[in-house]
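Two complexes follow with subunit A in common, the first pairing it with subunit B and the second with subunit C.
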Partner chain A sequence: MSTLLEVRDLSTHFHTQDGVVKAVEHASYEVDRGEVIALVGESGCGKTVSALSIVRLIQDPPGKIVSGQVNFNGTDLLKLPRQAIRKVRGSQIAMIFQEPMTSLNPVLTIRRQMTEALEIHRGMKSQEALDEAIRLLERVGITEAERRVKDYPHKFSGGMRQRVMMAMAISCQPQLIIADEPTTAVDVTIQAQLLEMLHNITKDLDTAIILITHNLGIVARYARRVYVMYAGRIVETGSAEDVYHDPRHPYTVGLIASVPRLDEPRTARLVPIEGQPPDLIAPPLGCPFHPRCSRVQNQCKEGAYELIEVAPGHYTSCRIAGKD
Partner chain B sequence: MDEMLVEIKNLKMYFPVTSGILLQRKTAEIKAVNDVSLDIVRGETLGLVGESGCGKTTLGKCILQLYRPTSGEILFEGNDLCRMPNKQLRPLRQKLQVIFQDPSDSLDPRFTASDIIGEPMKIHGVPKGRARRERIEELLDIVGLAPYMANRYPHEFSGGQRQRLGIARALALNPNFIVCDEPISALDVSIQAQIINLLEDLQAKFRVTYLFISHDLSVVRHISDRVAVMYLGKLVELADRDELYESPFHPYTQALLSAVPIPDPHVEAQRSVIVLKGEVPSPLNPPAGCVFHPRCFKVFEPCATTVPPLVEVAKGHRVACHLYSSDRPSS
Partner chain C sequence: MAIAAESARPHHTLWGDAFVRLRRNRLAVVGAVLIISLALASIIVPLISPYEFDEQNLNAVLEGPSHAHLLGTDGLGRDVFTRLFYGARTSLAVGIFVQLIVLAIGLPIGALAGYAGGRVDNLLMRFVDIVYAFPDLLLIILIRAILGGSIYMIFLAIGLVAWVNVARLVRGQILTLKQRDFATAARAMGGSGPYITVRHLLPNSLGPIIVLITFGIPRAIFAEAALSYIGIGVKPPTPSWGTMIYNGYQNIFGAPYLVVFPAIAVGILMLAFTFLGDGLRDALDPRERR
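Entry: the complex of A and B
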């Protein structure tokens, strides 16, 4: 498989009144063609910002991509002129956001919102674009698509709106879809429907997905490779197998242990990660996880961040685990 | 025989839908809770699961009498709360408390931590003065907050700490029943386990009874003694925790459990998921017969016409599904 996207040493900062928020620090990841990777972590860990930085959807000010490269099909997206990046967004890289109500325009019909991209990126004429929009809506399981395409977003339920978002995302047959918590706002039975559908469609189109979520179960179901983020940094990465069955970073270990599992005997007590995630304006020196870590040693409190290879393709930033 | 703390009998909560400005006419009803009967045993945690709009929060609010139900009975320690005038209800409210989902919305931003925890005591007039201040400090300590935080405002706390504050407020009057309405949904994964452990500790210490409302089936399994499943205003299944998770009877419960992804790539690769068709219908116009029949993968004749009764299929295990009622087909 060939590499579709390569993010190298990406850092994105936000300049606020209280100081500089280092939302993403030196993040590197790769996506192969047709591959599903996952960025996992808790709120504020930088998973969304690192993905939005790829398509430069960071509001400036206050945000700024301060360093790094984003090679997509061999072009560095961070160096492209504004006009050129607009051609990439929507056509080659599409996005699905968490809240379909805030990402669909409430005063435009579904038709208007869907055909816009088709007309701009695929050069379709009005009628042709309408037919294609109806076909796409049918593809994502919206019944009576011909009638519903004229409706406004408020007439759709949450799950249906997310289907519309998915139809828009695949409308230009992108090579990469960034799915940012695509099912966090919907119920579990609808979540199963939506993810199954997205998985099947993208398999047919050979589209790669960056799946951003805090739900470890969804990651296990769909992702081949996993990047665990904490306090703006990637702290562990490897195949889903490696990360779930042989987690090395104490944060990953803690995250997996703190979630009760339906397929295992019920445990008497959950094992939480004590403490709070750090403040990103003044993150702890050394390993950002050290104030909450049970295996902390003096060397964790200083020194630079780097990923250590513990097995082929399996990396962790933990120096203690890296030496095991 | 276990002692019943709350007995809910044929509870209905309908919300009117009106049209017109001057002459408001009732045009329809939303049947948020439709004929639910349920008992809660003293000292247990009853998990209540279901998807958004299934009526689980409404049921919780009915028990608390934050909604006055349309019909039915709610007996709390033998007293019917629904027939009680507000004045009589007030002293009872001390015993019925609630923890809400979003700790940022449910705490007044202009109150300090000690105002928030002290308010229930102020309203009910117990205890006063120095005793109250001591009680506030004690409560902060119980939920794992430091005494020096008493003068902080909600925005100075993290999400998990705010939820601890909400829990301290619920405990202030020594309640014996707490409705926990999605208490961990707004929290990060690593913090959720902290709050669940705290709730379990408090139950062991103060012998409170919980109604734990959640859509997270893994967490409900962890914390509950018994679990009730609701769908579109109806109770569809009720059983002991292990019984429900090991042998779910109702097709909806089966689908719900299979839809929960398991955080293990090996297990996920071998699992088959029951993907339900369609969406939850509107409670404005629920389907006839069994409310689940349009989405059910085991639907047969009587489902579209007859409402299935809640029948006991094993000891303490009740299901509302025609597959298990006496008139099922011989196949």
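Entry: the complex of A and C
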């Protein structure tokens, strides 16, 4: 499979009054055509910022992409002029946001919002775009799409709005969809349904997905490769199988232990990761996880960050695990 | 099938839907009817009144309301009824045209400042501050002195002072709205800054803007009245409610109706615009369900 997106050494910082927040530090990841990868980590670890940086949707000021490359089909998106990056957004790289309740404009009908991308990127006429919008809505499972397309967002439930967001995301048949916690705000019963649907549609279109989530269950089911982020850095990466069954970084181990599992007795207690996520203005020296790590050793408190290959295609930044 | 459904249902646009909702709001309809009938009355008043607005009858000065003069006569023996409706022309025109000027200046400046941010925002807002800090009346008088005397110049002078409130409001609205998720979503979809501002952000701020505008109309009417009082407003004998009130003021003890009738007229018009403004605000918010 050929590489669709290659993020190399990406760093995004936010300049605040208290100092520079290093939200993403030297993150690198790759997405092949039609592949689903997952970015995993707790809140504030830089998942969303790293994804928004790909299409340069970081508010500047205060945010700034300070280094790195984002090669998409061989062109560096970070070097494109503004006009050109706008043509990529929505048409080649689409996004699905976490909050379906606020991601749709409340004063515009679904029709107006759905036909926007079709008219901007695919040059459709009004009627043509309407027909396409109805077809897309039917595809994401909105019943009576012809009638519903004229409604305002407040007449839709959260799950249905997220379907609409998905329909909008696939409307220009993008090569990549960035799904930022697409099901976090949705009812548990709908989550699987929505993801299954998105997965099927994108498989048909051969669209790659960057799935941003903290739900490891979702990761195991859909993603081929997983990138675990902590404090703006990628601390472990490998195939979903490897990371899930043979986690090397103590942080990944902690993440997996903190999720309830159906295949274990219900009496087993969940193990939280103690402590708070680090201050990203002045992150700990050495491994950023060391203040919370149960296996911490002296060598963890200094030294540079690097990913070590512990098994074929399985990398971690943990030096202790690397020596096992 | 899609085409059949399309033609069977009324077209749903922001304004179309708003109109449907507005019609269900009784107070707003009352306000709109009042404003429209006043406008119509001011147009047809020459047909229904036997008097001219500047026709003096010095044998019948300061007469109270009677069959001949429904609302009495003023100090020069002019028919108050006729003058009141001619005055409505001036007042309505001042109110509406001033707000059009206010919108034409305030909306783009506020939107630009809000969306562009940074240095552009700073520059524009400091300019707004300067205009705002200047005493209104003084500025209007200054602009009047430069622009000259026609009634359109009065509109322009009041408008050039009053736009700052709208500019500030629009800027504030755009500033908060552009942080909302749907604005980010629209950017992620490939919309440009101006496109997002016009298509997504401004429609979301229409409600407060319209309310401010409707409250601005009576304020403009009062501003015109004040100007007329100090002699740089509408030139006599053209009547405006402001001139009528201030002229009547001289005889307030002998002929209080000279103040009362135009004051009631101003009050009713203000109320009508307020009802209509409130109704429009609700109607333009699709989340409002009735």
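Note that the second predicted complex is superposed on the first by the 322 of 324 C-alpha atoms of A that agree within 3 Å, B and C clash if a C-alpha of one lies under 4 Å from a C-alpha of the other, contacts with A are read in each partner's own complex, and residues count from 1 in each chain.
Keep this in mind: contacts are C-beta pairs under 8 Å (C-beta built on N, C-alpha and C of every residue); 3 or more make two chains touch, one makes a residue touch a chain.
Since the structure is predicted, the reported quantities are computational estimates derived from the model, not experimental observations.
Q: Clash or fit: how do subunit B and subunit C relate after the overlay on subunit A?
A: Aligned on subunit A, subunit C fits beside subunit B.
Q: Regarding the shared-chain residue A:28, is it in contact with subunit B (first), subunit C (second), both, or neither?
A: neither
Q: Is A:3 contacted by the first partner subunit B, the second partner subunit C, both or neither?
A: Neither partner.
Q: Applying the document's definition of touch, where does A:106 land relative to subunit B and subunit C: first, second, both, or neither?
A: Only subunit C; A:106 stays clear of subunit B.
Q: Answer with first, second, both or neither: which of subunit B and subunit C does A:150 touch in the superposed model?
A: second
Q: Contact-wise, after the overlay, does A:97 reach subunit B, subunit C, both or neither (first, second, both, neither)?
A: Second partner only, subunit C.
Q: Consider the C-alpha centres of subunit B and subunit C from the C-alpha centre of subunit A, and write down the angle between them to the nearest 10 degrees.
A: Spelled out: centre of subunit A as vertex, angle of 80 degrees.
Q: Quick check on the superposed pair: does A:216 touch subunit B, subunit C, both, or neither? Answer first, second, both or neither.
A: first
Q: With the two structures laid over each other on chain A, which partner does A:73 touch: subunit B (first), subunit C (second), both, or neither?
A: After superposing on A, A:73 lies clear of both subunit B and subunit C.
Q: When the two complexes are placed on top of each other via chain A, what is the minimal CA separation of subunit B and subunit C in Å?
A: Distance of closest C-alpha approach: 8 Å.
Q: Going by the contact definition given at the top, which residues of subunit A touch subunit B in one complex and subunit C in the other?
A: On subunit A, no residue contacts both subunit B in one structure and subunit C in the other.
Q: What part of subunit A is in contact with subunit B in the complex they form?
A: Residue list for subunit A touching subunit B: 42-43, 157, 159-160, 187-193, 196, 214-221, 240-241, 244-245, 254-256, 258-263, 266-267, 269-274, 276-277.
Q: Which residues of subunit C touch subunit A in the complex?
A: 1-2, 5-6, 9, 12, 14, 118, 180-182, 184-192, 199-200, 203-204, 206, 284-287, 289
Q: In the complex, go through subunit A and note every residue touching subunit C.
A: 55, 57, 61, 86-91, 94-95, 97, 99, 102-109, 111, 116-117, 120-121, 130-131, 134, 146-147, 150, 152, 154, 165, 168
Q: Across the complex, what residues on subunit B touch subunit A?
A: So the residues of subunit B in touch with subunit A come to 51-52, 158, 160-161, 188-194, 196-197, 200, 215, 217-219, 221-222, 241-242, 245, 255-268, 273, 275-277, 279-280.
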